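Shared chain: chain A. Partners: chain B in the first complex, chain C in the second.
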Partner chain A sequence: MHLTLEFGGGLELLLEKSIKMHKVDVQPIDGQEKVMMKGLLSWVKSNLIKERPEMFLKGDSVRPGVLVLINDCDWELCGGLDAELEEKDVVVFISTLHGVL
Partner chain B sequence: MGWAGPSRPNRTDELGRLSLSRDCGKCGAAAVAVAGGLGLCGECFRAHLFGKFKLAVTSNAMVRPTDSLLLAFSGGPASRVALQFIHEMRSKAIESWDASNSQALPVFGIGVAFVDESIMCSKPKDEIEMAIEDIKSIVSGLSAGVKAMHIAPLEDVFSTESEDGEGRLKEAVDMIGDDTGREDFLRCLRMLSLQKIAMGNGYTKIMLGSCASVIACHVLSATVKGQGYSLPADVQYVDTRWEVPVILPLRDCLAQELTLLCELDSLKTQQYLNSLSNGINSLVASFIERLREENPSREHTIVRTAQKLKPFSFNKFSADGYHDFLPSRLRPKFQKVDSDESTFSETLCLICGSPFSESELQNLEGTKHKAQKNIDLHTAHCCQSCNFQIIPSSENLNEHFFSLLPKLWTKRVDTISASHSLLRPNLVIFPCFQMAAIGDPAGQLALVHEEEQYTSGHCKANSRVTMKF
Partner chain C sequence: MAPSCNPRSLWAPSVQPSGRPPLLCPPSTPASSPPPAGRSTLRGRRPTQAVARSPENPPLRAPRRHPNIQQQISVKSQLPMDSAVNGVRQPPARAGSRLCTRCGERKAALKRPKTLEQICRECFYIVFEDEIHQTIVDNNLFKPGDRVAIGASGGKDSTVLAYVLSELNRRHKYSLDLFLLSVDEGITGYRDDSLETVKRNEIQYGLPLKIVSYKDLYGWTMDDIVKAIGLKNNCTFCGVFRRQALDRGAALLKVDKIVTGHNADDIAETVLLNILRGDIARLSRCTFITTGEDGPIPRCKPFKYTYEKEIVIYPYYAILCIYSPNAYRGFAREFIKDLERLRPRAILDIIKSGENFRISTTTRMPEQGTCERCGYISSQKLCKACVLLDGLNRGLPKLGIGRTKGVAGGDSDTGSFDTVRLYKLTNYGCEMG
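For the complex of A and B:
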């Protein structure tokens, strides 16, 4: 499944060469038909995050303070971790930093 | 807050939380954002935030038609939204002005300031330059309406006629041993830089993008640092203790909402120059992030609770200069011209601007009478918190430290000490509040006020601050 992933607000620093945009091809986890957000998160952790994974993930989900959008829609409105992704979906991860904004 | 009749019933997830309807709670279109517990479409979400901004501006009479506003732009999402919204308000004001029969009243002007702190960060020069070019292009991308952009290197506040500021700034920062102290010191310098830009270019107000999340962080971190007395001064809509008054119109918006708006509206931000935070401030920010997990409105709760502390007299505009523009419903928001409230009587810390508590005032009075050296006077003009976390402890060092500080700060000591007495006969003694933040098992965050004599700085054994995780 081809997806476009974007990282912002500082999260890009955890990736190789701080690249913000990634076009990826993700396979469903064995046994499942579709790619769920949960599966995508662990795929990102294994394949894209190069350092300090705790800044991005906490347990199965994203660390508090990380905003997730699926096709420009807050993932809470799409089912959160159980959201089912579709071909060509755009998923955006942004860290909402505290401090002087 | 009622539902506007969602078309499908709400489901609960495994944790028993209501999951949100996918229809906008206001207009029924497809929801993309969550705000105030409601799913909203892009337009309603935007209107929700703009509404808060506009309400803050109008109900606190933040902007007069004759004002020249300086917007402090950091490159981040909150100040980006502030820039967008104030620009929009101005465009609408211009339209009305164009259309009106009488054009007697002008429309306020906007300038933008960016404080360049890149001297303190160790990133490659060319990348820093690119980031600053980005910042410039973001501002110039707005249609005409911003009259000027000011980019001031932080070290400029240290420059003297003979010397470059860079060396002095770095030396002063190196003398601060405490990570949190260093961060707070830089924050004070940032404000000084903004004041300098505003004063030098004729601006009458400074607009900050400080949002509810940042204020909630400040409430908790100030409490932890023993700054409970001065805390109310920093968390209001209006702060007039500075040469150029400061306004906070985004005070009711959350960082998460502002970040989302930038994403939805493709408002470009530039955060490359943000430095990593190591001390108490970032610890508190992480704590608040964790609270949000259970309840997204925690930050509002913290700010609302802090609002119960009495603000200072300088947290209101004086009515001077507002007579002509002031609707009667707004008069209570202003200091009464005929009462003592309007005369500014607070003594402020040299470095951070915190109003002095009773004990700090007494210490200052006492020092003035028996001070042998200038250095004693300088340290007595700083609050206990700055003395603890910023000023070097040994006497040899701290004299040198003060010699490095911006003259805009230290010259005040010489003028003040030469003149009037600080204590007026009818001085009102403000009780000092320490706040204990307690998270109980039910997940309710309660802030409990305790009146206590202001004693000392960070987390000493007898300070009544506990935070339970």
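For the complex of A and C:
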């Protein structure tokens, strides 16, 4: 599944070359039909994050203070970790925790 | 979709139908592709709101004055979501499939942490700006004709503040003379970039800009200071110097007030820190929306009740200070975000707790006087900036920070109680950042 991921507010510093925009191809976890946000987060952790994953994730979710938007809609309205992603969705991660990163 | 000036600013297009200036326009951000057609999306323009406000285009519908009715409609429309049908739990609602609880017409895009309302982009702009207007009016922050300096760092809070304040000033006829006031700490790669943002704000919002630099005021840039003292404690210098620098810049601009972009999260964090540090003097004043009314230039915080989440989402923008390790503050901040996730109201509740703290009458509070050397407010003989400068200029940059050899002994520690003790011992210093 093709997704566009954007990282901002300092989160891009955790990625290789601090690139903010990533066009990625993510496959559903075995046994699941669709890519869920939960699966995307662990995919991002193992494929994109190069350092200090604790700045991005806490437990199985994003660190509190990281804003997530799916197609510019607050992910809290889309089901949070259980939100199902669709082809060509745009997912944005913005850290509001400045000064700590 | 036309390329926006700042493709990363979610809801702030470069050209708006109402002719508003772009909110933010950072350089060299990659253009993002628009989300696929047919999906609910918020990226791009704010047509509904802008058109509705234009005098030539009276609003076709006026949903905003009937919150109760809208609430009922939206509750109904939400019922089928997430509910079990034939015992099978339906998948969570997709982006934008719920209706705004305020207008009941457009798709919700944001869950407001303050109220848990699910609202659409257009209603968000209206409530965000209206609440700040209400805060300004309820607290009598300004008088008509006031000259007001906006403390502008180039960060998200002050940039949104500059935009919203100039917008409200026009819309509600506050009759304020607004200025942008920036402090150049002299941090290469951080402040020079953010000052570019402020210079763009000057042009975009048509507000005169004044920049005061540490180099001019104190003879030291932060780069020089870090070279002399290293990365530990440099925030003390920066905080103390910035506070004075803002006041001096404001005096040069002959303004009646300084406004800063401190938001609800900032204030809740400061309440917690002041409790953790046992700093009762600051605890009692850190929740005031206006401070320094007895001094020459009062300061106020129009974003006192505005959540950081909403400021970030209003346009998206953030810049980080490369010199700030500030771990202690970071912990409190993270704690606050943890609380917010469990119970979004917690931020406002902490501010409320801070406001309701009563200090026992037998507690001796520090008395405020003026610095013997520079005349700035100080509770000691010399103000903190003069003590720090003394240290820098005498090649003893640790002077006035934490424990020093021969005073308290032991390994160096920046605990505030030790700091306070040191000030008392040396009769130096006053305000901590």
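In this section, the second predicted complex is superposed on the first by the 97 of 101 C-alpha atoms of A that agree within 3 Å, B and C clash if a C-alpha of one lies under 4 Å from a C-alpha of the other, contacts with A are read in each partner's own complex, and residues count from 1 in each chain.
Just so we're on the same page, a contact is a pair of C-beta atoms (placed from the backbone, for glycine too) under 8 Å apart; a residue touches a chain by one contact, two chains touch by 3 or more.
Since this is a predicted model, take the numbers as computed values, not measurements.
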*Does the superposition put A:4 against chain B (first), chain C (second), both, or neither?*
second
*Greater residue coverage of chain A in the superposed arrangement, chain B or chain C*: C
*Figure out whether A:20 sits in contact with chain B (first) or chain C (second), or with both, or with neither.*
second
_Between chain B and chain C, whom does A:83 touch in the aligned arrangement: first, second, both, or neither?_
second
*Examine A:72 and indicate which partner it touches, taking first as chain B and second as chain C; both and neither are also allowed.*
both
*Identify the partner contact of A:28: answer first if only chain B is touched, second if only chain C is, both if each is, neither if none is.*
neither
*In the superposed view, which residues of chain A touch chain B and also chain C?*
8-10, 63-65, 67, 69, 72-74, 76-80, 92, 94, 96-101
*asked:* Going by the contact rule set out above, which residues of chain C touch chain A in the complex?
replied: 8, 10-11, 29-30, 32-33, 35-36, 39-43, 91-96, 98, 107-111, 118, 155, 265, 308-309, 312-313, 316, 318-321, 324, 326-327, 329-330, 333-334, 337-338, 340-341
*Hey, which residues of chain A end up touching chain B in the complex?*
8-10, 63-65, 67, 69, 72-74, 76-80, 92, 94, 96-101
*In their shared complex, at which residues does chain B touch chain A?*
13, 19-20, 22, 30-34, 39, 42, 74, 76-79, 187, 190, 209-211, 213-214, 217, 255-256, 258-260, 263-264, 271, 274, 277, 281-282, 285, 288-290, 292-293
*asked:* Using the touch definition from the top, list the residues of chain A that touch chain C in their complex.
replied: 4, 6, 8-10, 13, 20-21, 63-65, 67, 69-74, 76-80, 82-84, 86-90, 92, 94-101
